[in-house]
Amino acid sequence: MNTVVLLTLTGLGLAALYFLVASGLSLVFGLADVLNFAHGLFLGVGAYATWWAAGNLPGAGPDGLGFVVAVLFGVLAGSLVAVLVELVLIRPLYSRTIEQVLVTVGLSLAGVALLQATWGADPRTFPRPDWSRNVTSVLGAQVPNAGLLLIVAAVVVLGALLAFLRWTRYGLIIRAGVENREMVTALGIDVRKAFTLVFAIGGAAAALAGALGGVYFGTVSPGQGGSLLIFAFIVVVIGGMGSVVGSAYAAVAVGLLQQFVNYYGTSGLGDLCVVGLLAVVLLLRPQGLAGKVAHA
Amino acid sequence: MTNSVVDAPPAQVPDELTPGRSRWHGLRPYLPLVALVVAAVLPYSTLNLPGIFEGPLNSPGTLQLLAICLVFGGLAAGYDLLFGRTGMLSFGHALYFAAGVYGTDVLVTKAGLPLWQAAVLTVLGGTTLAALLGAVALRTVGIAFAMVTLAFAQVGAILVARDFGGLTGGEEGLPLDVSGLPAALVGVTNTVNLYWLALAYLALVVLVVHRVSGSPTGRVLAGLRDDERRIGVLGLDPYRFKLVAFTLAGGLASAGGVVYVLIVGGASPHITSSELTLSLLVMVVLGGPGTRWGPVLGGILYMYLDHRLTAFGSSDAVNSLPAFLSHPLSQPLFVLGTVFILAVYFFPGGLASLRSRLTPLRRALTRRS
Amino acid sequence: MVEPVLSVEGLSVRIAGLHILQGVSFEVAPTGVTVLLGRNGVGKTTTLRAIVGLTPRGGEVRGTVRMGARSLLARPTHRLVRGGLGYVPEDRCVFAGLTVAENLRLAERRGTTPAYDKVFALFPELDRRGRQRAGSLSGGQQQMLAIGRVLLNDNRLLLVDEPTKGLAPKVVTEVAEVLERVAESVPVLLVEQNLAVVRRLASDAVVLSAGRVAWTGDARELLLETALTKSLLGVGAAEVHS
Amino acid sequence: MLATRGLTWRIGEVAIVDSVYLDLQPGEFLGVIGPNGAGKTSLFNLITGLRRPTEGRLLLDGADVTTLPPHRRARLGLGRTFQASSVFGSLTVRENVRLAVQAHRGGSMKLWRRAAADRDVAAAADAALDRVGLHHRGTALAGTLAHGEKRKLEIALLLAGEPRVMLLDEPMAGVSAEDVPELVRVIKSLTGDSGRAVLMVEHHMDVILELADRIAVMHHGALLACDTPDTVMANATVQEAYLGEAL
Amino acid sequence: GSPQDTASGGGDAAPVKVGLVYSQSGPLASYGKQYIEGFKAGLDFATKGTGKVGDRKIEVTEADDAGDPAKAVSAAKDLIGKGTKIIAGSTSSGVALQVAPIAAQNKVLFVSGPAATDAVTGANKYTFRSGRQSWQDVVTAKSFIGDAAGKKVVVFAQDGAFGDANEAAVKAVIGGAGASVSSVRAPASATEFTPFASQIKAAKPDLLFVAWAGTTAGAMWQTLDQQGVLAATTVVTGLDIRASWPTFGAAGSKISFLSHYFDGASDTEAAKAAKAKIPGGTLDLFHPDGFAAAQMVVRAVQEGGDDVEKMVKALEGWEFEGVKGTMKIRAEDHALLQPMYQAKLTGSGTTFTATAQKTLTGDESAPPVAQMKG
């Protein structure tokens, strides 16, 4: 019994991590129609910026309020980088999707290499509050606090994104802009601003995932973002492009599936099952679980 | 629409369908042949290109590098049959290449088959695999198709990494057992034969892609790229044509794998990764999708950079720079990534568009003279 | 001579090496409908798009376009539109993935009250189909939506590209009536192939031929002169009135 | 020749096409009119197989083709144009038509032949282009054509396939007044020979009246009337729901 | 010219070309860095600061393989084509395994570096190794449980060849001594380790042998700790490079480490020389490998000149004093017999210290003799 509880809760923690990575990806991918391979870079920036801040920024630290400041700094840095990327690299290329892919691939290579050139290839210990290393006993299962933190963060991010899409005009503008940017401008809307905003949010979500991922793994390394990205892509696609809710469902499905199959099955089967799930979902419902448009 | 991620393949008219009319009109058909001959006699040259290659053109190191570049030129050209010519964005093309590499390696090293048998079996197997998986994946379109192909390739990657029965060697890879191989393909002194083999492969792929693109089927593929529904209404089954293109491209890729494993002398799991497919995409876009020479050039250039940048990164020129420059520059991937980004801005439409971009210049010059 | 609301001078557009417009000059009167006529492919749409700043990437625009004292070229489209330049594109360009209501909501501008009443009175269909995805609307319905979107706001000039294309005769009449009413308060630059509509609405006409202005003047005059219509539009005056 | 037997297409509760019975005789020209959104294009989609009907059957030469995919129906001689022009934008005008000719003549699955060497296909394509008056645009990319030119290209694509039953979806929309008579002539010539049948949606009443042997009127997905032009034009409902007052 | 030119070796006073193909960039760049530092120090030590053997200068050419065997093969072929008779390096096992056959095909000497795979031992006549191999790790691990008979041992390892090799070695070494060995395997890409920790815990082993490399190691140790595995049983694993020590976190002090090398594990002449020579002055895991490689290269040149067969003869059975102490190249399969260490980690935060608990001699940790393949 407590194995099941343990696996469920840690599975949800994993799902939360996937969701945090996927949410930003899904937003940018589904709404701005940019297949953003540089998302892993934003993640890395968020993680390293948090790591740096905790050690060097006055007021920030590995614990208590200082930790919150450090994470905020990381998130800010991530969204700043995302905005810069959008302004400088992506903006001139809207409606040239394949070239965008090239640029984001280039960016992910160059960015990760830059992180490595600056901080080395070896994992660095991540500053984190002591409580995050401990466990909480839930129904007899020793659940890591870092996982619980991820779950809480994921729920908050989900709520915030839904509110943004539902209550602001930006959701609408972005969806329309994906279809036909020209026409949105012809309605008197500065569509570029909306797209920059999407990147800023996507970057912030990624950076948060990076920072909390750091807490979860206990280390940061340049390639960390990339390895999470593949599962995030799977989550985004299973969930349905641009659907934040869909990503949430898919993340839970993927996280739990992986966790349970890894325990009850043989090693590696978990990953195979996830990939199988992806193929099956797409063959049955090519638009993903939650349909195709960004109905928040 | 979300599908527009793949709507974008380039508005290039296939050269093959619209023979140009220029001063070189009479000569043009022979240019590829000339290029082939030049490439074939290249190993007889002792030309030294300092900075570009480590040694003279006929040194084993240079020939080895060129051979790898040529294989990837061919691979990119084959991938372009899917992407540039038909508008199918597959993220799993590495699988068929890897099938070629591991297939040959396992059949030669573990099963002890003679090379030619292993090669034939592998190419047949790779083609069949492409046909089977394509038949399933092509039930979806657009980004879903990209992801299903990615999923299949990922399964391949996991299986290779799992190292079932010690067949693939997992992350350590599987060195090719050369004891049964023809002597002409073994040893540094025979690198030139591998070069010629790679050249032959490239020529084969270019010929196939060229012929197919200029064939009635190629015309249909070009139509598919623009509007699949319309093809159906004209009385052609889009599924069949896409499957043919997918299978053909898969077969060409696995043939490339056979050549590659001989050149490198072993298989390693790098080649099963989705990054390889992504690099293929980059090669094609870098070169100019849907053009005859663009993907080839893109593939060659990409591989050249990929291999040479490691030497560039550790060169004295870089090391003597201040740290904030030399550190990133000594990371090959940093330079490679930056090159992609710059390429997009400075050569939109890929290398192949350079010619047309230079045309106004040339015209201006000739007018003046 | 009254001050024109829009004056175009020596407008030239090159796209992909093609000289599509070669020095087009004309003016749009501050009231009524000025119609832009010409065969397929002479550059009518290109003219409108150049005015709102939507020439495709790589296109090169020369000349001057002014609205009052302001020069329009080189200003971003969304500024022009917010400044009161409404544009209804040729191929409707409704947002297929959005619902009708969302399409309309998108056109709302901050700081003004959108005139939903006016739009729904003209096109009750849009009210009824508020939750339908615009992509699944019939052709005519999409056209109504495209016009309705622009009419939500006050404009100083409307550019309308072939609004009656593909509409049922009854709706053509309705659209024509709508435009007639709209034109009472806002000047309209209209591209139209349906000469019956032109006859009903237009006060001034500009005829394009192969990227140049072939004729400008009073629309009624043009349509009554058989020789003129024959040479400029390829149809006799009699057919215009049939 | 072509017969729909209670063809119905529902989305949820709404019948977009509602139990339509139509018979098309060889050589007949049937005009279809109806208000915007009446379901005309949807009916075409059902007939050509782009959509599957929820009820009803479709017969072509007496054989049931209701479940055939679009390309099989096209092989049986069903051709159409699209309301929103859908041509192969990245191919030249000439290649567009050659593709259509080739699709019709078979031999598309030939990987090793030179397409350009097939003079029959080229000749047939040029003939089709000539017929719609697009010959001079042969080398332009179809994607860059002006609207009216695309309409003509659509018709050329249709002609190239030599279909026995042709479905034209608003061929005149956006065509300049000067070219209308020309296009009318082209369309008229379609039926003249060899007993082809045409089904044409059009909002230009003068064109319909000139061409059509019979006129079908659709309204809210259902067939309101299907009769000779005179009878239909005299119908009060048609007058009220579709034609309105003339300008 | 001819279709292909291969330069031949030089004359008596010409420099000796040595090619180093290792990771300067890529995931194993920091291993590569230690290796090259060690090599330079070793060269200095073995040539007594002259960089020469007799009159002949040792001319070292470095090439970056970025961890990719294909690039390593290209670089090796290039070097061999230019007349290089000695190649060393190979930071990763994949590279070592694919370069070794190249050496045999072209009859040049290959001294493999940090690559730990057992398969390099006995790969062929021309291939030697300057580092330790997985088997030696496992033998060291065995020394933690004393009498193995009747004990229950679990191996926790990554999928793939590295994990396979470790599992097989544990089965042979510890299982062979009477313990019952089972294994829990996880994908190398795993990010969440609870299921595996639960499986291990359920197995209640007397000894847990962990073979895990990669950036997720920190998360893995934390999970084992949180699920109480570290408290319940003796856990043995290899001590990785210094930079990774902080990632053990609180788990560090609860683990029994087997170690290939760490700063302070030995106090030999060579170790002192190495410490003096390398930047920073702190030795790390792979410095001894580079150092030993240089010693072996110098020995080969001294005894063999330009004759590779003679070099092979000179190295086979050679015993020398390396950084770790007495090293011996076993003639039969070219395994490098060398001391191995048991270690403890103490400290917290970012400062940790390792201390040697016990040293196993080269003979004590010797792997079984492998069949020489070619």
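A, B, C, D and E label the chains in the order they appear, each numbered from 1.
Just so it is clear, contacts are C-beta pairs under 8 Å (C-beta built on N, C-alpha and C of every residue); 3 or more make two chains touch, one makes a residue touch a chain.
Predicted, not measured: the structure shown is a model, and the values here were computed from it.
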item	value
Interchain contact steps from chain B to chain D (minimum; 1 if touching)	1
Taking each chain's C-alpha mean as its centre, the one farthest from chain B	C
Between chain B and chain C, centroid-to-centroid distance (C-alpha), Å	49
Interchain centroid distance [CA atoms averaged], chain A/chain C, Å	45
Distance from chain D to chain C - Cα centre to Cα centre, in angstrom	29
Separation of mean Cα positions, chain E and chain A [Å, integer]	37
Overlap residues in chain C, where contacts from two or more other chains coincide	96-97
Overlap residues in chain E, where contacts from two or more other chains coincide	25, 159, 187
Residues within chain B bordering two or more other chains	1, 10, 158, 161-162, 330-333
Touching residues (chain side chain C, partner chain D) in the complex	15-16, 38-42, 45, 90-91, 125, 136-141, 143-144, 162, 165-174, 176, 193-197, 199-200, 233-235, 239-240, 242
Interface residues, chain E side, partner chain B - complex	1-7, 24-25, 62-66, 68-71, 73-75, 77-82, 93-94, 97-98, 100-102, 105-106, 117, 119, 159-164, 187-188, 374
Complex contact set, residues of chain A against chain C	169, 172-173, 175-176, 178-180, 182-191, 292-293
Chain B to chain E touching residues, read off their complex	43-46, 54-56, 58-65, 68, 158, 161-163, 166, 169-173, 175-176, 178-179, 186-189, 191-192, 264-266, 268-270, 307, 310-311, 313-314, 330-333
Chain D-facing residues of chain B, complex	10-13, 17-19, 211-212, 214-220, 222-223, 225-227, 229-238, 240-241, 244, 248
